[in-house]
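What follows is chain A paired twice: with chain B in the first complex and chain C in the second.
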Partner chain A sequence: MFELIAPIFQRLADETGWNFIIFYDRYEYDRFVTGISISLQLILWSILLSLVIGVLGAWVQTARSALLRGIVDGYIQLFRNTPPLIQLLFFYFGLGAFTPQVDMGGYYEPMISSFTWAVLSLGIFGGAFNVEIFRSGIEAVPKATAEAAESLCFSSWQTYAYVTLPLAFRISLPALTNNLVSLAKTTSLAYVISVPEMTYTLNQVWSDNINVPEMMVVLFLFYVVVVSLIAAGLHVLEKRLALPGYGR
Partner chain B sequence: MKAPVKAFRIDVEAVSSFLPSRALRGWHGILLLALLLTSLAIATAHAQSGGGTGPQSPLATLIEWIPFILRGFLLNLGMSFLAMAIATVLGIGLGLLQLSRTRFLSVPAWLVTHLFRNSPWLVILFVVMLLVPFELQLPGGGTFVMSDWLKATFAFSLPVMANLSEIVRGAIVSIPKGQWESAESLAFTHGQTLRWIILPQCVKRAIPPWMNWYALLAMATPMASILGVREAVGNAQAAMEAAGARPELLVPFYLFLLLLFFAYIYPISIWTRMIERKYAVES
Partner chain C sequence: MPSNPEISPHRAAPANWTPDMPLVSIKDVHKSFGKLEVLRGVSLDVKKGEVVCIIGPSGSGKSTLIRCINGLNDIQKGSILVEGQEVNDPKLDKLALRKKVGIVFQQYNLFPHKTALENVMMAPVKVLKEPRREVEERARALIAKVRLSGKEDVYPGHLSGGQQQRVAIARSLAMRPDVMLFDEVTAALDPETVKEVLLTIKELAAEGMTCILVTHEMGFAREVADHVYFTDRGVIVEHGPPEELFTKAKDERTQRFLSQIF
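Let's turn to the complex of A and B:
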């Protein structure tokens, strides 16, 4: 791949001055590929964490205990109404200062890396929105289906997992798509705690090589492609899961 | 049964019933305050157990620097107001362009909208901060200095503009076709129909999402600190640095920032939800 494109971009740089160094310099190319992989991992894990939190949180919100519901409600309001940037800084610098350090033979490394903190923080942030999205989906499921499941001796968790959630998931998919796309874009904030994802990597590249406009174009394209892929994937899922008689 | 709402008339009683203070649940604030105080207590204990020769407790340090952080927060508010104003004007224009009947106008408008909707705020911030010139040469010969916070404000207005453009488009599309046809039968031109019949009806549908985007915008302004704008987060970091960069300061300072933004955004989001619910019942 690299050998294939390197001469083209080398010539482009020589002839027009458009310095896409990440495509013809081995070192910068490797940096770029690592950036892509870390960015995608960050997006994947924070989306997964946010989905788990969303499902569990929405289940707790159907609980009878007012205390549990209050705690989840407090969590949602706290994380929805504060800037994700400050949440990241708080998690990484504030809580990170208290986590134990591991002896790596001569130097110490925090047990929870900045990448893990970014996944935790962004997952918790996105999860707060997902809880609300799933909750409104669950509320939209007709009561009679849950009652029918109860009459068939399903336990409350079984009713939730096998009857309510599959229906609620379909209802909340459009809103979920929006939130997951927005979460994928928010992962660029991991820049502030120096997770070497795409924004951070390209920032280093343009600082080293003074080719800001070119790298900006690459950065834009990267996010447009990633976001389009996520949105397209979820649309396909929406079509696949469509039940006759539900939705449009 | 409610009295029917009169068009183009502001119902004072209805507006006053939106006031956010009524729905603010006190325990949310109490919970946060408790969290802040606990963390301060822990931090204080931490500082005292670690020798106790520290110049000041974290609480005293925080109190000393609160005015400085609040001054930064004022810049956050100013940036959010200005960016929202720019975004509203540009967003309405772009939304109308998207619906233009000439493809020459609607396609570029669609492209701009989707480019800015689908890229991260941070990336847009970098683009504007690094690619917009520091000084603008005015045609009269003078120079206009684009200060950092002004550029950041402009950068924040772009994604909001794109999203408002979609909201405006959606609101206009959601107006029944009969409205257009009856206006046409009354000899209204296209522009007149838009100005006097369609847009007034859109305002009501667009206000809750508009407020939602304001809240998101206000929450995005701390990003400007990454590029050296001295707003609340930047000032808090500078304050921690000035107070000796002690690790036990981190939790109380960042928690204070979270609390600050929460205290501002939470009432707005409650207010938004109330308006949303009220309009949902009526329609």
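Let's turn to the complex of A and C:
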């Protein structure tokens, strides 16, 4: 791949001054590819964590215990009403200060890396919205459908897992798509705690090579492509899962 | 929150219950929703193999009563025994009770994301953990029994009301209950599909299934029921064999209700 495009971008730089160094310099190219990989991993893990939190949180919201519901409610208020940037800084610098250091053979590293903090922080941030999204879906599932499951001996978790959630998930999908798209974009904030994802990497590249406009274009395109793919994937899922003849 | 995900393995009735005793025995049941007293001392017995119809005006507590029998509603006072087991017991294993007591609802309440066959198979496979192949065989037979062969892979949204209701009946039967509750199962149906659902219930009754029906189908009650109860404002006003109740009702309220219907 690199060998194929390098001469083209080398010529472009020589003839026009448009310096896309990440496409013709081996070192910068590797940096760029690593940035892509870290960004995609960050997006994937944050989304997965946020979904797990959303599913469990929404289930707890249906619990009888007011204490449990209160805890989830407090979590939502805390993380929905504070900026994700502040949350990242809080997790990394606030909580990170208290996590133990690990001897890496001569030097010390925090046990929880900045990448892990970013996944935790972003997952928890996105999860707060997902709980509310799934809850609205659950509330739209007719009580009688869940009651039918109950009368067929389903336990409350089985009713949730086999009946309520699959239906609520379908109802929630459009809102969920919005939130996951938003979360994918928010991963760029991990830049502030030095996670070497796309934004951070390209910032390094343009600092070293003074080619800000070119790298900005690449950064824009990167997010356009990745986020469009996520949205398109979720739309396909929405079509696939559509209930035949339901609600007409 | 889940407390008891597993069904208790033994489903034998308590030692003090024998099949010649009432399968369902309801004694002086009281039930209120807030200040509204829906059931005010209802008592009735249902023997094994018996078909019992509960009729009466809307709001008389019929549906509430049969929902109490499988623990979907709890009661404030009185006792409901199913095969000698007290339903109104906080320590009751609700899942074990519900395995014995099937219920079919007015609005069918099928799982819209599952096909007819999957609807019937789901509880035995997922809850009772019975082998899938065995359950599938039984489910197909049940779907044939409710005369829906060929509709196994159709989703509820593509079935008519009457067809959905028959899938719902098959779904309940798949759990092999000892008694079936029918909560106004034809009330939401078009007149032409009512017949096929009633026919299904009639066949069940003929096979000896114990059935408790809340219904507005007086002709059906008259034909199928062994015993008919007329309820009004939370009490049983009058009861007896259908011939007696429908032709020689003693209570004025019963007479007025029946005269409005016929």
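Things worth noting here:
Throughout what follows, the second predicted complex is superposed on the first by the 245 of 248 C-alpha atoms of A that agree within 3 Å, B and C clash if a C-alpha of one lies under 4 Å from a C-alpha of the other, contacts with A are read in each partner's own complex, and residues count from 1 in each chain.
Definition applied: contacts are C-beta pairs under 8 Å (C-beta built on N, C-alpha and C of every residue); 3 or more make two chains touch, one makes a residue touch a chain.
Because the structure is predicted, anything quoted here is derived from the model rather than measured.
Judged by the touch definition given at the top, the superposed model places A:Leu243 against chain C, while chain B stays out of reach.
Within the superposed three-chain model, A:Ile133 lies out of touch with both chain B and chain C [touch as defined at top]. When the shared chain is aligned, chain C comes close enough to touch A:Ala149, but chain B does not.
By the document's definition of touching, neither partner reaches A:Ile53: not chain B, not chain C. Only residues 70, 74, 77-78, 80-87, 89-90, 93-95, 97, 181, 185-189, 191-192, 199, 203, 206, 212-213, 216, 219-220, 223-224, 227-228 of chain A touch chain B when the two sit together in their complex. Remark: chain C residues 1-5, 7, 70, 72, 95, 98-99, 102-103, 105, 107, 109-113, 122-123, 126-128, 155-158, 168, 171-172, 175 touch chain A in the complex. The touching residues of chain B, counted against chain A in their complex, run 27-28, 31-32, 115, 118-123, 126-127, 130-131, 215, 219-223, 225-226, 233, 247-248, 250-251, 254-255, 257-258, 261-262, 265-266, 269.
By the touch criterion given at the top, residues 63-65, 68, 142, 144-145, 147-158, 162-163, 166-167, 170, 241, 243-248 of chain A touch chain C in their complex.
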